[in-house]
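Going by the order they are written in, the chains are A, B, C and D; count residues from 1 in each one.
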């Protein structure tokens, strides 16, 4: 395959300069475009974080502190961005993160990102609280790679039903989000009393679920309010512990990946529970305020896990440089959230496709310009090691 | 008791989004609201600090440097925020700090915060220089927990009288503010020649005090100016030393807590004088300019004190994350000042109630999301320990 | 003497709040006032620094990094700010720094600051390139303490004449500015082709000097241009070395202080040349761009000098907190420049008096609130010593 | 030679202050002037960097972290800025960096900078992708010192032809840019689909090259599009490795300097390939995003190279202070890019001359004011060595 980094550049530079409304390139421009299009409620729901949004800032600062130390005069004509994840070949170490209730930002909610991911071959992760059902997204994606994200719920029967449906619909990985046993304190949303779930958004998988429906006294079409209340009661569970993980482990053949692990001791514990992977994540800074940046804890988690299972990471990835830094510190792959959501809001499926292609192109170029022809070349040596950095000074 | 973190969220999210003038959520919004309502003099009196306000900035930066390192998959369905302070059960490690002359910002000066504190059970601390008397606040609060703050004054008889009145009126703790033996250099106030005391504000406890009145040649109702001058002469005392602390110790059965200790050697000294507690405080940055941040010295003070008496802290607490960080570094509880004052200015008692409830809710959620079901789980391990942090690098 | 810190506060707070145009309090407000009054040329000449003004910024950042660690419950009713400098009693460790050509900012150039200094007893330092002569300032000041600053010139006869005149006119100290063997690259002035000396400003001491006049072919009143050119030729000297210092040492009984020393090795060398004192200074950031902050090198210079001669410092002092930090790191006293110049520009002698009195008041309060009753109490222990600070991490 | 630092100052200060439109002095003013004159496409092409422009920021921050520690009272009346580079005497350690397609910013593209460099004697480096041919620039420059920059191309015959032409036209050094085996991801240009090469700009050396022309099926005058496509196909080469360097080494007697080396191991490798010099460069932050600052890696590269060949550096030099810092950390000389390009855009040859003369003047003054009479005096001791700096803490 011809490397797509320069190919994408040529494609963009070949547009006539005055062509109407070209799509944005960088994250900040996409964000501004989404900001202009969306109402305050949906925009802030996506853009905001917990509390004073200090964790969000920490995520970015952690990336900005690390510096790539490139090597020259190596043959980089052919670059290989592919990885193998949970036994499946993936064309690049990038995954669309699970994000719920996309209906608040675009009518093609979840469908558009799923199709965009499918077209490039990178995994799309469907959220438990999506606007579109597990089966509908499966239909959109055909044989393309898809993962399913599960919230740690209160009702094992409903959880099992959702997991079984995902497995039956061809999802290849189960992402269990362990950092959301209750909802974070999000000032932007609280200020506006804006929570999509309160109005029945993001319940597609529940409303379509036979077990969930069986627990309602009237069908949701008749008594939607009761359905919402039951959903709010069970969709997350503050008593969810390692025992529930063990139970879940018995319920599916899909690999189970814990998303939200930040401490090496939790990562070690995960290994003893037969977990297949870890996502170092702080939910994009949306749960704990004042929390540690994911990039800062990534090396310790990777050291604890070793080569036993893949460690992925998210929260703050905005550019190819960020991906390189995350991989250099031990991540096998990264998940992106807000970058594709802003593009979805601003330009639908075309937007998401553009974001994916641009990120892949930028990553490909970063690799080449750093002297790497494959991801195997990205290790700690690719980051500048001043003594200060080895101390992790911010 | 059902955990109030999520309950409060549900309460807020259940409001109809377009309801008129919802109260602010975060500190900065409250501050902006107060800024819009108050005249320059009162606003700056509350908001300002000493000199170039560098200590105020340092207070905040110290919080921003520390990062919470959460744990996952622990049962956090029931959280216990209660502590025991000076033999009394307190529902959460949060106290309303003593702040004087509240009449400049709201007609319900001190009464509104006292009632708001009483309604949630957290202690309210009445300032020596309050706008409302010791006895009036006691009447407002009934049996609710209240503390009394004392300035180190020049006249032992007046001090004793104030202390006796507080003890008689059911105040359960005496907070002696040791960092105010004279007034700091506050540029905002000096610029406007604004000092409420010059105009007789904040003298309620003195004007109602028989000892103070007996020292005047005419009653203050007849010669208010002389009363003000006598007050200004005695209300603080630059010669106040450990001997005076010893004297005070003999005058009351209330626990005595020194507020304004910043150095571990002063904390050690306090222990030898039979002090019952310490508040690590720099008076919200209002006394020494260029001073050390309270969070930065907290660990050293706690190390010096050990488990012998509780160490509290204030100056810069704005959010639940800040409370967690202070507790993780050794504080038993924290005091808040400006957060409740801005709310008082902007929305009176409802505002103070909202601030307290929101802070409790946020703290409760932070605990749960960090994997703690009680304050006992908040220790130094809950902060991220890079080598750099152990060096306290800013 | 009643302590003047609180006394000054009372004086200010006693003004009626609505009184017309009170003088500014803090540095930034004075700077804004000067900015509004002065034309660009003079303002930028005072405000600007070398190159990108990076040394100026470094000076301030060095202060902002250090934190005062106050002590409590010490008797601070009486504070003693006095020091002895070169055998003379000085009421506070503050000196008006030498600044030339003040005629560009106020008609009472040098006279007003000299009188203001005299009224408070702190030393005024007259610049070689002042707008008013040595003798005229002496007449203004009577017996008040005054120092004379000398540029390292090319012509020993003219230098000797200036030094003799100063000694005869009762100046008690000679400040030799060693960092100005040529003029720094000051972008603001170069941009506007603004250099006061090119137009004959700042030549009062030369035009009144018999030796200088004797070197001209026509009197300056007849041929002012030639006088300017001769002045520009001799007023600084890039070949000025330690030998010239030795020569100067033989020419006067005044103590000689080297201003502009930044390196401990230069300080050690100075001691071997019988120098009486050192001013750690980078000329307010006006000479070397990208240079080290004076506060950062102060400890090393003080360590090299020990107790043999006093070390003073300047460049960046804006507040009482800054004075405390400088003294804590070893300075015996500090010089202020821009703070009094902005006040001169904005309010003449009244302005300079206000700046001096406010700075003394603030320093006095800082002392008291830090638990010190005299300058002897200000040592390195008064600054917070985190491990990071002992590493001088910025 | 009279020192030109003060001479240049006098020249500027002697202008009448109100003279029409004096040229800017500092970098930021030149940048603003260029910004006002140029269209977005050309301005952003020059001003922009890779990705989020994080490498650009890192370059500047690395300079801002280092501080010059000046020495006093040394005879600096005569300063010697000269160096010897590759056997040639150069008047100052400053070189105009290779920058292509200058036709987009000024009709005197490359000619004006070449003449300006020639007039001051500092080397001008012609880019491979210049708007004007090798031979035309040689004719402009006469005997003045010029270097030729070569991109690592795909076609050895064309490369050889370019190199031979440069050698024949009197270029004295070959700068091989090793960091550009493909084009960086430059968001500003991509956003506007702006790449000058796509429109035939910057092809002068190719269109005039007999070997290149012989590879086209029709002359470029007949089929310009095919010429552009062939150019785009061969001008850079991601397979270019050390073997190609060895080959190039056999093709010319010019010294060969590798530009873009950032890692000490690559520098060591270069020495084994008989390379004559190294430029530590990250292409002004235009290739790798999130990359290491050149000043940060300079000491390690210099340590690896020792005295065997000269190490030059670029990327971020804006002022005389920056030059001093780079030299103190081991660079023999520095290259400047954007500073002269903005001046070219704003004021053509006069602008470039002014930038060069001002930079030399500022450097000369920085030397003198730091106590150095020649570049030999600029070593690591001239930078402030706190312990923190020895740790490279940012």
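Convention: contacts are C-beta pairs under 8 Å (C-beta built on N, C-alpha and C of every residue); 3 or more make two chains touch, one makes a residue touch a chain.
A quick note: this is a predicted structure, and the numbers were derived from the prediction, not measured.
Trainee: For the two copies subunit A and subunit D, what is the rotation angle that overlays their Cα atoms, in steps of 5 degrees?
Mentor: 90
Trainee: Do the two copies subunit C and subunit D share over half of their interface residue numbers, or under half; same or different?
Mentor: Counting shared over all numbers used gives less than one half: different.
Trainee: Round to the nearest whole Å and give the separation of the Cα centres of subunit A and subunit B.
Mentor: Result: the chain centres lie 42 Å from each other.
Trainee: Quick check: how many Å separate the C-alpha centres of subunit B and subunit D?
Mentor: 59
Trainee: Return the residues of subunit C touching two or more other chains; collapse runs of consecutive numbers into ranges.
Mentor: Residues 391, 393 of subunit C each touch two or more of the other chains.
Trainee: If you connect every pair of chains that touch, what shape comes out? Choose line, ring, star, complete or other.
Mentor: Contact map by chain: ring.
Trainee: Provide the residue numbers of subunit B that touch subunit A in the complex, in ascending order.
Mentor: 3, 5-6, 9-10, 12-17, 19, 22, 24-27, 29, 63-77, 318-322, 324-325, 361-362, 365-366, 368-370, 384, 386-388, 391, 393
Trainee: Residues of subunit D touching subunit A in their complex?
Mentor: Interface residues on the subunit D side: 41, 51-52, 54, 58, 178-179, 181-185, 187, 189-195, 198, 232, 237-242, 244-245, 258, 260-263, 265-266, 269, 282, 287-293, 296-297, 391-394.
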